[in-house]
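For reference, the structures are reproduced in the following blocks.
Presented sequentially are two complexes of chain A, the first with chain B as partner and the second with chain C.
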Partner chain A sequence: MTSTAEAVAFWILGPLAVLGALGLIFARKAVHAALGMALTMVTLGVFYLIEKADFLGVIQIFVYTGAVMMIFLFVIMLVGVDSSDSLLETIKGQRWWSFIFVIGLAGLLIFTLGQVTFDAKTVQAGMDRLVANNNATGNVTGIAEKIFGQYVWAFEVTSALLITAALGAMVLAHRERIVPKRTQAEWAARRVKENQDVAGLPAPGVYARHNAVDTPALLPDGRPAAKSVSRVLVARDQVARTDGYRDVERYIEREIEEGRQK
Partner chain B sequence: MTAVAPAAFQQANIDYLAVLPLLIVFGAALVGVLVEAFVPRERRHTIQLTISVASLVLAFVAILFATKHQGLTFGYTDGATSRRLFALAIDGPALFMQGALVLMGVLGILIMAERFGGVGSDAFTASGASTPGSPIEAASARAGLITSEVFPLTLFAIGGMMLFPTVNDLIGMFIALEVLSLPLYILSGLARRRRLLSQEASLKYFLLGAFSSAFFLFGTALLYGYAGSVYFGDLSKAVSDTSLGLNGLLVAGAFLVFVGLLFKVGAVPFHAWTPDVYQGAPTPVTGFMAACTKAAAFGAILRLAYVGLDTASWQWQNAVIIVAVLTMIVGAVLSVTQTDMKRLLAYSSIAHAGFVLVGVLAFDQRGVSSVLFYVVAYGFSIIAAFGLVTLVRQDGGEATHLSQWAGLGKSHPVIAGTMAFLMLAFAGIPLTSGFVAKFAVFAAAIGTGGATGTVLVVIGAVCSAITVFVYARVIVLMFFSEPADDTVEVLVPSVGTTFAIAIGTLITFALGVVPSSLLDLADRASQFVR
Partner chain C sequence: MTLSSAAYGLLGALPATDNPSADFSDTPWWVALIKALVIFVYLLISTLLVIWFERRIIGRMQQRPGPNRNGPFGLLQTLADGAKLMLKEDITPAKADKIIYLLAPLIAGTMAFVSFAIIPFGGEVWMFGHRTPLQLTDVPVAVLLVLAVASVGVYGIILAGWSSGSTYPLLGGLRSTAQVISYEIAMGLSLVAIFLFSGSMSTSQIVAAQSSLWYILPAFFSFAVYVITMVGETNRLPFDLAEGEGELTGGFHTEYSSMRFAMFFLGEYINMFTVAALATTMFLGGWQAPPFIAAINNGMFNHGWWGILWFTIKMWIFIFGFVWLRGSLPRTRYDQFMRFGWKFLIPITLAWVVAVAFIRGAQLGFLGEGTVTVGPLGFNTSTLVIVAVVAVIALAVAWVWDGRREARLAAEQVSPPEEIDPFAGGHPVPPLPGQRLREPSVALTAGGSSGESVVSGGTVTAVKEEDHG
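Right after this comes the complex of A and B.
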């Protein structure tokens, strides 16, 4: 039966897993939701380890927390951390309906699980068999025997699924290069030919005490030069203001002026 | 109880001849992927088409051989409990469906391969990754890029469809569901014209399909919780072993699994995707989906209803009866208001799904054979019908609005006449396969469905009458009204497309005049192996 250590581990990790799951649902930011999910996944992995399913536990942490969660984070990165979903309901009363269904499903599950009777003998027999299995073949071998014996067809056919996914990703996302890529020399030749920015785009501003790609250079009349910062930064509204640096410049000029007068 | 020593590794018993059709189709799909990687672009289309058609014909021959190798395969009988743990059930309904799917697949692929003198398939975009309307899209078309990946994708879909009615456990059914759906999601988004609509259709299909898969999976989990096994045999036994009474896990599980399957056939209220996807997807793909997905999904529904959950039928059949009634009524009534040819056929396919469900609810061997006959008869007609839709053009694009079909009977009598004949088949007029098919399902429902069966048949007959109006309206429009403008043209199809449309129409006619051979075959093939 359940040992004390197992019970302690369960009562510490159980609430953590629930907390992670709730975080997934209620977190406002996508990254926080993903982290909540990762927490739940890791905790589940530990549960498997406690239940003597070493292989499954390790796989759970490797595959779900490692690979799948990374893919989630990649997606969030591609979509942009800042983008948040509209919380406006498009289907009227959807939230209430889903609430009712969730209550119903939870009631069903709790009701059914409540009917389960624990028979100490059967549980012990199951545990004995598990231990015997683990001792005789080992956890990994046991799973291998299932995969390559009983479930060999399901295992093999899944490959069709993976190949379809790879092929679909290529068809829908891979753009074949139709026109050859321009070399740097060709870009330079084109600039000269079109007589635009012949010397290249202006570099970002370099100031006495500040130097970064997000600070535009200043034109002779003191206006920021739009071309000197990357258009990506402009689109994201991440370009620094230059007023401060101009003030510093003026201050230094005034000091030099004062020094001369003395 | 003392500790039991674990059994030694038990190898799965495999009857390779019984699964050869599946192996051929999946193998050809893999070869198709390699062709994409290694063969120069100019030759890909021809080679892919040859591989696809040849492999499907070969698979059909293999199916004929497999009829001698019926039984459970890919698994073993557990020594201690003598449970039969087999992944596949090669039996009459499975092989009948496989044969039908392979033949309909050949016709579908022939229509997909139509080039109208271009470099690649006319229905598919030159570059699926380019933004619609962008210079890159135009440049790709000019550079002669083609999306010949559609052929291996279609083969994968056909493989999954063949597997769908063949599987013997819920996990296998879920995998088959995904194997057949995933390529269809991709194919739906690859139309050459009106690409935004196509991509929207693809995304809608994908999202809703993912939800329905989730429903199916959740139902599987609940049923596993109930029976302690995912095998249909164990499931059926677990139901008959326990005392009668509503079991929360069983009812909810059965309901959720059925939701996943009914979504695929487009039954109301899980039909919302059908019109949008049928309209947005490339027309040959729509035809292929309408025929083959529906057949495969009904095969799976039959297996689940007659093998897996047969003993529990009184717990779920009321829900399916409601779905069948809703499907017939909504499909028939909404098809009246349609003005777009593809949407009209989509709603008509929803109504047809309702009629087939009536046959499923007969709970009898005759019900099985009538469903098998219906999906084959409907499949060949709908492939030919969508094949004809690809031919009618205006300004280069497909003319799918009904007003564009006005007066087509005068300018192009053969095309309009064929379409009119197929419309009569959908309506269920005698001398077409549609009549025999409807008669078969309704007769089965009246024969063994009891009072509910009779009520269902009455509703079905009323709904058929409503749909007759829809199809008659199209026929009248084509033959008895003046064309709105004369820029609508009909392209001359290649040999492949002509062959596909002709065969589809001929089978529609033949099954209406001499249906007995296929009815007999369906009868003989209607016995499930357990």
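Right after this comes the complex of A and C.
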């Protein structure tokens, strides 16, 4: 029943899939975990292809690896470029509960797998039917006949459920804007009317040896200008101190003065 | 290609199975290996050529010669550039994720080659005593496989962006991925019409189904959408927002250098060939000879090794299109580009696919069997009705759209008043063409309490201070 090529492919791809799954669990970085999952999904797709379910295999790669995992990666990358897992428990008793659930799931899997009979004849008969079907109408037509014939109701109900879920997510994430959004021109007009920062906010500090958005500009009296740094950086406490640059400036000034005196 | 055969193509029945029509039964594994090697070499040489071609053509378009020093006509310029690139220092940023930083260009480079496995270069030929099609392999879901491989190739881009540990690459990677995924949806939808016409997703079957009529005619709208999306899919100008030099320096490959950069470069150009080859296969009859040449001497040029020639010519027409676009169009704005993809291309392509489904249903006789005979051609009545309905709906939508656009433009265009007061805003404003200047109407009193005095043309005019809004 199992051809040599099939066996070789299985023993190469099987460990790869397991490796990906283990990577998902044990990787410390979220992106590495997501990549492990993508690897498992691709190998699963290849397994389907080997088992002569062409459409299913390609769709598995196309939809799960290409679309779903990509969205995951998007979110992970947008949330934090370098967010490693912390081992702190955020939900109380999470570990115990997850332990119980894992035991339950393992029991379920073991019992289900234990009842599977690896009857060579039955498997071969199923395989033969698939091959005959693939040759008669083609794999895609075969699966279309199943989805839009025998299982049309299950398919439609599932799609309705998914659409409802997508709509629900949109409704939950949607925020109604109460006042219209101000345009750039309106902001400028308001600044002039209120006579505050008429020329725009001050630019961040530019020094002889440093130039970055996190360094505040200096006021004429030498104090840092608070408005010259983005409020996001202030909230994150990522504003650089200017003392060093000021000292350099004073040092240069003193040198010039001493040079004059000589 | 005669008219009656064209009609046959339009009315073509579905094939008995959606399996590939190419026969690989007489292809031993070593012949397949040779074919794979030849395709690899073909793609590498094509890449060397296309970079030279692009620079020369753009040079011509910009009235300068382009590279012309290395080799005849500058043909070896790309080779010299490649050698230089290999000798450059390979830099890994300190904050980079080392493994993924290495992995990303490998994914982008290798995935680009995979798609060509299912592209048919020609019909059946004798190769080392074996009768075999000029195609590495074919599966019933070949076109879907191309899309799947492309979506895995995107991982190279997004991982390169993330693993560089730097802001520009991250933003460029996210942009590029969002762009490729969005345009892949429209691309897949445009290809659905082809699946409906040919009744198969295998490339050899699709080419065989176009023997009498290329799908660029019945599926003209799909072709237009595909050509737009293939530019978006390959990150080429005018849609190369992922590496918009003005805003993101180099996008996802900002931090890459040496061979790893060369891998991205190679991948990008081979992706161009992939989408062009797919367009050729899906819309321009694949490897089949163009109409009148195909009729010469009972199809002398229409089979065997000749296919490679026709295929290559058709593919390079698309490549020239890419270069032409790059030479003539500026970069679009990112939000406009995404809005165009999601709010225009995807919905309108969906509507097109529904229309094609009805037309195909009518052709296959699901909506009645009656026929109308016009001269030598027989048409299915329900097909004609459906086509007419679709055309009327399309015209009506275009009409309404046009009317609304005109109304909007008319509303935007407010004609300026005939007469203006040049000092109304506080400072002098020149009149627009055709406008009359209003004479200063304010009393000629110097130093009004609420206004400021302005000397203009020898008269002292008190101008009221208006708000600067």
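Definition applied: the second predicted complex is superposed on the first by the 155 of 262 C-alpha atoms of A that agree within 3 Å, B and C clash if a C-alpha of one lies under 4 Å from a C-alpha of the other, contacts with A are read in each partner's own complex, and residues count from 1 in each chain.
The working rule: a contact is a pair of C-beta atoms (placed from the backbone, for glycine too) under 8 Å apart; a residue touches a chain by one contact, two chains touch by 3 or more.
Source: prediction; values computed, not measured.
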Contacts of A:E145 with chain B and chain C, given as first, second, both or neither: first
Which of chain B and chain C A:A136 touches, first, second, both or neither: both
Touched partner set for A:H174, first chain B, second chain C, both or neither: first
First, second, both or neither for A:A212, with chain B first and chain C second: neither
Partner chain in contact with A:F55 - chain B first, chain C second, else both or neither: second
Which of chain B and chain C A:A160 touches, first, second, both or neither: first
Which superposed partner A:D128 touches (first chain B, second chain C, both, neither): first
Partner chain(s) touched by A:V42 [first = chain B, second = chain C, both, neither]: second
First, second, both or neither for A:V102, with chain B first and chain C second: neither
Residues of chain A at both interfaces, chain B in one complex, chain C in the other: 136-137
Residues of chain C defined as touching chain A within the complex: 16-19, 97, 100, 139-141, 144-145, 147-148, 150-152, 154-155, 158-159, 161-162, 165, 170, 173-174, 177-178, 181, 184, 200-201, 467-469
Touch list for chain B against partner chain A, complex: 1-6, 9-12, 26, 29-30, 33, 36, 74-76, 85, 87-88, 127-130, 136, 139-140, 143, 145, 147, 149, 152-153, 156, 159-160, 163, 171-172, 175-176, 178-179, 182-183, 185-186, 189-190, 225, 247-249, 252
Residues of chain A touching chain C in the complex: 29, 31-32, 35, 38, 42, 45, 54-55, 58-59, 61-62, 65-67, 70, 73-74, 77-78, 81-82, 134-141, 189, 192-193
Parts of chain A lying in touch with chain B, wherever the complex brings them together: 105, 108, 111-112, 121, 125, 128-129, 131-133, 136-137, 142, 145, 148-154, 157-158, 160-161, 163-165, 167-168, 170-176, 178-179
